[in-house]
Every structure is written in structure tokens, then in C-alpha cells.
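Before anything else, here is the set of structures, which you'll find just below.
You will see two complexes here that share subunit A, one where it goes with subunit B and one where it goes with subunit C.
And now, the complex of A and B:
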């Protein structure tokens, strides 16, 4: 048998968008490994130039159909920062509720429709559903409840229409918001059950000492607001993000790679980073479920991200129920805004990690410059680093199995390639 | 199609946000039934299994923005009995068709440090601009009930029941109070095709045109009204230049306010 191996995944499945992996191995050593995003560029930052500030949430939502809320909210916060307004109180709580809906629908979609088949040896969730119909039906119903939250608050599940700079176009009806409560109670119970189920999966053996980067808020498990912190002691306001983080443009990818300020180090953002940084702020039930599902307070095996996602899903159901029970009809749906020149930044915890926006506005409130750093491009360098480690640990596998574990490792990140291209094919070359 | 064989469904992605193909996965109550009635032969977002063509139904999401995509859509067409484009990107070029009004080199320089790594066309265009399309399903994103109706109709060789009338009709049918008449809010509803479930007016917001022009629209008359409501030419232009800016009726009216 030749010692040269080339493994290629030309079009990675069960991810959002288009990506590829190329791996070349000689004498059982990795010679080349590239995780490539070939999603065509769509130039959002440039297309925003000249548009009025209030267009940014609706336009940037179209970066990603899975996590539009992250773009709507990040853009809105950045505009509010620039225009000198603060959305507080009931409006802020309603935004957090809508965001819980996105965490639920996005996490459950990824865990059961995209990632769980890897752990159980199925090609897809349809095959999984033939053997485990009750699990898939429960998951679909959890996802549906997440979408229902977004529909009630945002008017539509994909590309919601009711969120705006300054708050909401219209006040959600109290009866409809309160109507979510029953489903959310079922969701808390069922997401705990499914968290324990995914906790019983077998996880490939690989760990990494991650630099976890997430938001942190003084009073709550951060979703929509907070400082940006790292597990190595960084703690900065959002406005200083670009002083510490940057993107590099590499030849093999249409997505920009996120790097720490010194230009070389990868970092991790997303569920594991949030969990590692903010574990103490989870609810008692979420903490207890994490423990029962086999998680330590710090997770360093990326394959366990699937369990963290379910713990966060449980937490999002609890938060959503709390916010629904507290909801009273809004006195005003939004804060009135007067356009003016300025510069503003915004960052929220998208399901896949921190999503940063920065805009500069002219005196009429029109966008002069825009910069968006989605979580998948920030994670891309860390994904490549993980792949090196996972491949080194699994070189004994035949090509087809090696390819599958690589795909599974990439899916640990729930990569949203549509977002990152502003991400995968696997090619393995064994020399 | 042979009676003993399930029809083969393929889902293809071009330049897009994935939201329209996600609509299929968002059919939580119907997904397993759909998977029972068709063979999901190619759907990368959902499965790593790939079954070779030809395919009975190809759903195509996204617009054509790179030279490679032009070649790929021709291959998809050659393998597809019915090719259905889904969503604003696939039917008119999508939000990224805003680049059609700009110098593409400027766009690349704005976003990327190494323009030489980027291979892109100067335009974002509809699937039908490149190959014959059997049906176009509108929306940004598409409506999942319309998608299910379309798949059902195609499997049963009948015409899909997808209305081409305006959002205004949809508002009246739903009993939604007109936001333009009652609150003076600018609204694209009079010239925009129904189908979204009049989501914006129900949130006290004017329609922003996700479903593109209705049959025989009169955008000039609407622009006159919008100017009476106090919009500048630039604001009127930007109203048309969104997700369906590539649709001739919206494109031309946007240009009229240049």
C-alpha cells in the first residue's frame, strides 16, 4: 500500500453554506491541511455604504438565514451606540426573549438535524428518524417552539421583520406572548431529557487548551450585552474589540480568519467559550443538567460542544419562560431617534459565537463605513488547529472514516459558512 | 415517473444566506412526511449522502455571482426534470444584486485585503438568466407553506396554487388595517406580490417588498404617494433597491429616482 494519502471533501454536508477540506499526508505525517470556504463573496459591508442607518438590521439579516437575529441585534446595538440611545427595560427584555428563540431553533437544528447523525453513524437526521423517531420528533418540536418565539416577537421566523434600531415596529400582543408559556415549560423538561441523551454519546478523544472568547455581563449569562472577555484575562468594552482582534485574508478561503491582536493566535468563540467563561451564571437546573450529562465546569473536548448546546438550549427555555411570564404590553414599541453623525459598535452572542458590528454614520444618519466580524470567520483558524490535532490522533483510520471524523470535527463549530463569507470541501492527499 | 420509485429531490445552493433551503427544515410538522414521499437525493445542508442524478425536482437557492456558478447551474439543469428557483436571490439576484449598481473592484477593495484571491462576476443575476426555469417561488425568505404546495403540485403534475395578487389583497383578506392609510407609513404592499402572510403590516410596519413585484404593478403611482408622504427621491430609490432590486419593475422605478 502506498504511503501517500490524499483526502478531499469537496462539498461539506450538514453545514450552512459551502466549504471544503484538503488534507495531504506523507509517511503518516500531515504535510498540508486547509479548511477552505468557497462560498461566493457577497460584499455586505460595501453594499451598506450610503444606506440609512435603519436599513442595516434588515440588510445584514440576509447574511444568514439561520441566525438573522444576531445580525439584526448587532447592527441595531451598533447604530444605537452611534446615535446615542440606549434600549433598556421592557424593550431590552423583549429582545433577549427573541434572541432565546434564535438560540433554541439554531442549537436544536444543529444538534439533532446536523450533528447527532455523526455520533450515531447516520448519514442524516432522516435516517436517524427511522430508528429513533421519538427523539427526532421531540427535537423538531423544540425547534418549532424556538421559531414560534421569533414569530410572536419578530413577525416571522426567518428574517424577522418587527425588530428595529430603537426597539420594535409594533408591540407584540400580550395574549400571543403569554401563549408561549405552555410550550416553554414542555421545552425545559424535554431539552433536559435530550441534553442527557447527547451526554451519553461517545466522544472522539481530542482536547485543546482553548483561549475562550465570549461576552460577559455582570448580572446574567450574556446573550445580547456585556463586555468581551477571554479565559486568559482580557476584559474590554465592545468599542475596543478591534484593538485586540483582527482578521487575516488567506488565499485558500473567501472568509477572513480571526486572530488575536498579536496576529497569530487562534481563539475560540461560541457555546464552549461561553460555557467556560460564564458557567457560574447558568441557572441551577442548567448547571445540574450539565453535570448529569457528564460535563466539567471547563470543556476542552470540542466534540462535547453538542452537549453544551443542549445545556444552553435548556437555559434559553428557562430564560424565555421567565421573560414571557414577566411581559406586560409595551407602552411604546420603540425609542424615537434623531439621525446624527457618529461611530458605533455592537456585539451579541450569536448561536455560533460573538458577532461584531461597527458603523460610521454621516450627519444624515447614512452609513459611510461598515465592518462585520461573524463568529465562523473568527473560529476558522481554531477549526484548522483542531483538525490538525484530530487528524494526528486518527491517522490509523481508513480514508473514509478519517474523512468522516474530520467532518464531525468541523461540525463541532456549527460553522455558518454563509456568514463567514464576507467557509468546506475535504481533500486528503496521503503521499 | 415510474410508479414504483420515489421521485428524487435535490436542493442546490448558489450565492445566498441558506434561509430558503432552511425553510424546508423549518417544516417541523411535515418534514418526515416529505422525506417519506420523496427520496432526498442531494441536500447538502441536511445530509452527507449523495445519490446521483438525474433528479425529478431540483430546488435552487441563490443567485449567480461567480464564473464557476454559471457552469454549475448548467450542470444542475442538465440533470433536472423540473428546476424550481426558490427565493429572491434565485428569482431576481437578491440583496447582493445591489452590487450591479457599483464598481465591483471598489467592492472587493472595501472588504478584502487581497483582491487577487477573489473571483467574482460584476453582477448578481437570477437563475432564469442562465438556464430555463420551470417555476419561480418568490420571497426573502420563501413561505414554507408555498414551498410545500409547490412540491406537492409538482409531484402531482398540477399547477401550484400560488397567488400573484398584491399584499393589499392579503391584508384585506386577513383584516389587517392599512398602515399607509391609517398611519401614513410608506408601504410597498400595493405593488408587492402576496405570500408572506402580510407579516409587516401586522407589526405596524410598511411592507418592504420581500416577495417582489405583483402581476401588472404600477410603481410610478406608488412613488407619487410616497413622495406626498414626505420621502425624498433618495429614500424612494432605496425603498425599491432591496432584496428584489433585480426585478425589472423595482429596478426601473429605483432608477427613475436616481
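And now, the complex of A and C:
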């Protein structure tokens, strides 16, 4: 008699947005597996058509409350590319500082309030906080410092309002920027301590030979600028992104799936991809902490993404402190811009991975076409591929335990479904 | 130092129909120019709520609920200082870390203000779109009467 199992997670918890997983198994073999995003599409690209170029950062920031900086900065870079403007020097440094704030607040929220409970056998962070209140308090303080950076530079933590095409609407006050330093010093020490803590977790046994895709900058661990590279030798300017990467529609998801341009191969973007491609550009302390937390120079177990996030958090604190200490009041908050027709592309490293923007402008600087490829869309196919492998390796588990490890595998990606709709019910069906 | 002025935290999303109840109440309270309490609007992300009530002695949270056990427009009241807040009760925000989680996490961390009250109106429609359904809109006046003993409608 054949044995059938169906596992369903109808509404995935501890992820951003609304998604589901359906799994059907017959005679101990996977027959169907679908990672489904059912949050409605939001049509941001259509909404942008006809708007003036300077509206794009503020409109696209509304795509996400967790990583607005990725949209503000990606849209700004694309507009500047189209309009022939380059933001350099102190303005560029201030943008990188603001982005460090976003990495800190987003990574820490995910690691301790959403993902760590999976590794420690807790249903959620509330149970975690009963047994480990000091850890949760420290994590909340780290996140608060990340938010504070964004507030000081961006005017507010959620959907900041002070960033613009060409720079900033106003120069942040020197006293307020310098006031961040003490918290950042505490953050370096504490994020190292918590990186070592998550490095001591037990990780499910699963590896994959990933095609890691990230940005790479000649002089620094890429966050806001660089070329697009892959671990298989690709190295292209951002303007060529669409020649090498594409999106495909699948019937079971409202989010497009990212694929390599030569067919249906998935690829990985996000913390592990960045770490694998750019490990040598991390700070000495971040490299030493990665090693002490048990990471090799290349990570192939996606469950170790939680450790990589904390290594990147430590690095972001170090970078933020360096930039704060170097900050002097800006002579001019932005570069003057004259609208003109053109086409521009921009890409930055959102906490979840590369976030690509492309716009075409008319002679008045109004948007004719827009294309945005958020990181969760790009990772979706790889998430399904990981789930397939994780399920194959854990079919001996009872349904509830199998469901647990599947959700944990999805959270490896800190998926931002709201961004991608353009996430999880799990159904396991065992025949 | 403790801030003794009551803080009214109005939670919700104006673009998800009845989830906009909190923000609509915030609009009404602001228009009344009340001088003896602070009013803040929030989209409901838990850690931001915890930051908002840091150092406060009295917090009143206004939100929408989907308990499924009451008629739309009916109020649920919790004295969060004394009662554990049920999950799967409020209209959830992204990352599923919202009002109930923030209150319970703060309780475990001994970071809950001494007095926390929650008024939640039972919603009818949490779909995409602006505007409250009729019975939830009618409940706005009800909450104002509860929050402001001297409130007199126009």
C-alpha cells in the first residue's frame, strides 16, 4: 500500500508578508513542492509611470518598511545614472552610513526576533525572551541603534524622508551624527558577542553548490556601489544586469522568479552570496569573528546564514563608526540636477540581496518605464531548490518536525514577501 | 525619568479597510487638540511600539481586532498590565510581530509600562482599500467617549 503525506503551512509566520508552502510526498518521494506567494501584486512600476524622476525614491521606499533604504538608494542611483550625475565624497559616505543603519536594524530583527527561535526550539521570540531575556534586550538595543542612524540621517526610521536624487534635502547636524559614536562602539562589542552565540547553534545538515550573485566594489565590502559578480566568474556593470538575469512567471506565485538569463538556473543573492564573493574585504575583526563563530571562507549551508548576518552586522557597526568619526558638516547637501531624457540603472545590496532598478525618462525627466527586481523575487527559485533538498534529507521526520525544518529553511532567506509581490501556507501531502 | 502624560498609540494600516481604525481615531484626537495626552500613530511593528512606550507610565493602545467572536464595531478591552494578550487576535502587521507580541515580550523583559490598556474594535473587512466599514466607522465616536470623559460630538 502506498503511503501519502500532505504537509501544508497556510500562513507562514515570522516572515515579512503573506506566503505558503505546499508539499506532496508519495512512497517517500517528493511529488510536488510549491513555495507560494499569495500577497497581492502592488504594481509599483506602473504607478511610477508619468511621475517626475525625483518622486521615485520616495514612492519606491513604500515598497518596504524594513528596507526602504534599498529602494531609495537604488532609485536615486538609477536616476543619477540617467541624468549624468555622480554623487561622491562626503555625500556618498553619508549614504553608506545610512545603509549601515538599515543592515543593522534589519539583520538584528531577523536573527533574534524571527530566526533564532527555530534553532533553539522555541515557537517565537516571546518564549525565547523568557529563558534568555538578556540576549533579547541586547538585540533590541542593537536594532535601536540601527534605527537611530537612519533617523539622524533620514529624518525618521521608517520610510526616511531626507534622502533624494543627488544627495540629501538637508545636511544632518554634526552634533547628532557624532552622538551616534558611543552606541556604535557598544554595538561592535555586543554584535561580536552575539555572532559567537549564534555560531554555537546546531545547524541542520544540508549544503548546496550555490551560484552566489552579489555586488563587488574595488575598495570596500560592497553595500551601495559596485559591479555585479557571480561565484562562477561573471563580472558586469549594473547596466548589463538584464542581459544576464531575468524573471519568469510561475502559476503558483504572485512574485516573479529570478533566473539566470541563459535559462532556468536559480542563483543566490543576500548575506551568504556577499560573504562568499567578498570575504576578503571584510574587516579583520569581522573575519576573525566569522572564524571564531565556525564559518569557513565559503558558506554552502544556508542555515548558517544566521551567523553570516551577525558577521555583517558587526561589520556594519565598524563601518558606521568609521564614517561617523570622519563626518564633517556638509558644504552642500545635494548636487543640482537638470532634467533630461535618458535611461539609467542602479543596484544596491539590500539586507536580503541585490535590489535592481532601471528607469527611462523623457526630456522633462518624467518616468516612461520602470523595472524593479527585489532580492526576494531573485531568491525564490533558489528557495524552492533548497526546500526540495532539505525535504529529501528530512523525510524520515514526522510531519510537524518536517514542517518546522521547512519553515526554518525559508527563513534562511529572511524573505520580504511584500517586496517580492511583485510568502507561507505549508501543505505536506504524503501519498 | 518617567513621562506621566498618557500616550495614546493608534495602530493600523489605512490601506487595509477596517485596520485603519486606529489611524482614523488618531486623526479625530489630533483635530480635538487635546493638551493633556500625547497621540502617536503606528503601523504596528512590535519593536517600534516598544520604543514608543519606553519611559511612559500610562499607555492606551487603539487597534482593530479579528477575534471572529464578536459583531463588527464591538469593543474588546484588555488591561494588559494584568492580562496576557491573546495572539491571533489583532490584525497582524508584517513580520507577525505586532501588538500582542510586543506587549508579551516587554512583559518578559520587564519593560512594560506600569499601566497599559488596549481598546480593539472588531473589524469586518481587512481587505485592500481605504475607508472603514459602516459599523466600524460608527465605533469611532464610541472610542472617543471612552478615551475622553468630557467628549461631546458636534
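Just so we're on the same page, the second predicted complex is superposed on the first by the 428 of 431 C-alpha atoms of A that agree within 3 Å, B and C clash if a C-alpha of one lies under 4 Å from a C-alpha of the other, contacts with A are read in each partner's own complex, and residues count from 1 in each chain.
Just so we're on the same page, contacts are C-beta pairs under 8 Å (C-beta built on N, C-alpha and C of every residue); 3 or more make two chains touch, one makes a residue touch a chain.
Nothing here was measured: the structure is a model prediction, and the numbers come from that model.
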Clash or fit, subunit B versus subunit C on superposed subunit A: clash
First, second, both or neither for A:47, with subunit B first and subunit C second: first
Partner chain in contact with A:85 - subunit B first, subunit C second, else both or neither: neither
Which of subunit B and subunit C A:170 touches, first, second, both or neither: first
Contacts of A:285 with subunit B and subunit C, given as first, second, both or neither: neither
Partner chain(s) touched by A:66 [first = subunit B, second = subunit C, both, neither]: both
Which of subunit B and subunit C A:397 touches, first, second, both or neither: neither
Which superposed partner A:55 touches (first subunit B, second subunit C, both, neither): first
Residue range of subunit B overlapping subunit C upon superposition on chain A, of 60-68, 168-176 or 204-212: 60-68
Shared subunit A surface residues [contacts with subunit B and with subunit C]: 13-17, 40, 65-66, 109, 113-114, 124-126, 129, 133, 136-137, 140, 143-144, 147, 157-158, 418
Parts of subunit C lying in touch with subunit A, wherever the complex brings them together: 43, 45-48, 50-51, 94-97, 101, 104-105, 108-111, 128
Contact set on subunit B toward subunit A in their complex: 13-20, 22-23, 25-26, 28-29, 31-32, 35, 40, 44-49, 65-66, 69, 94-96, 98-99, 102, 106-108, 110-114, 117-118, 120, 124, 140-141, 196-197, 199-200, 202-205, 208, 210, 235, 238, 242-243
Contacting residues of subunit A [partner subunit C, same complex]: 13-17, 40, 65-66, 109, 113-114, 124-126, 129-130, 133, 136-137, 140, 143-144, 147, 157-158, 418
Of subunit A, residues touching subunit B in the complex: 11-18, 39-47, 49, 51-52, 55, 58-59, 62-66, 68, 109, 113-114, 123-127, 129, 133, 136-137, 140-141, 143-144, 147, 155-159, 161-162, 168-170, 248-251, 254, 256, 333, 404, 407, 416, 418, 422
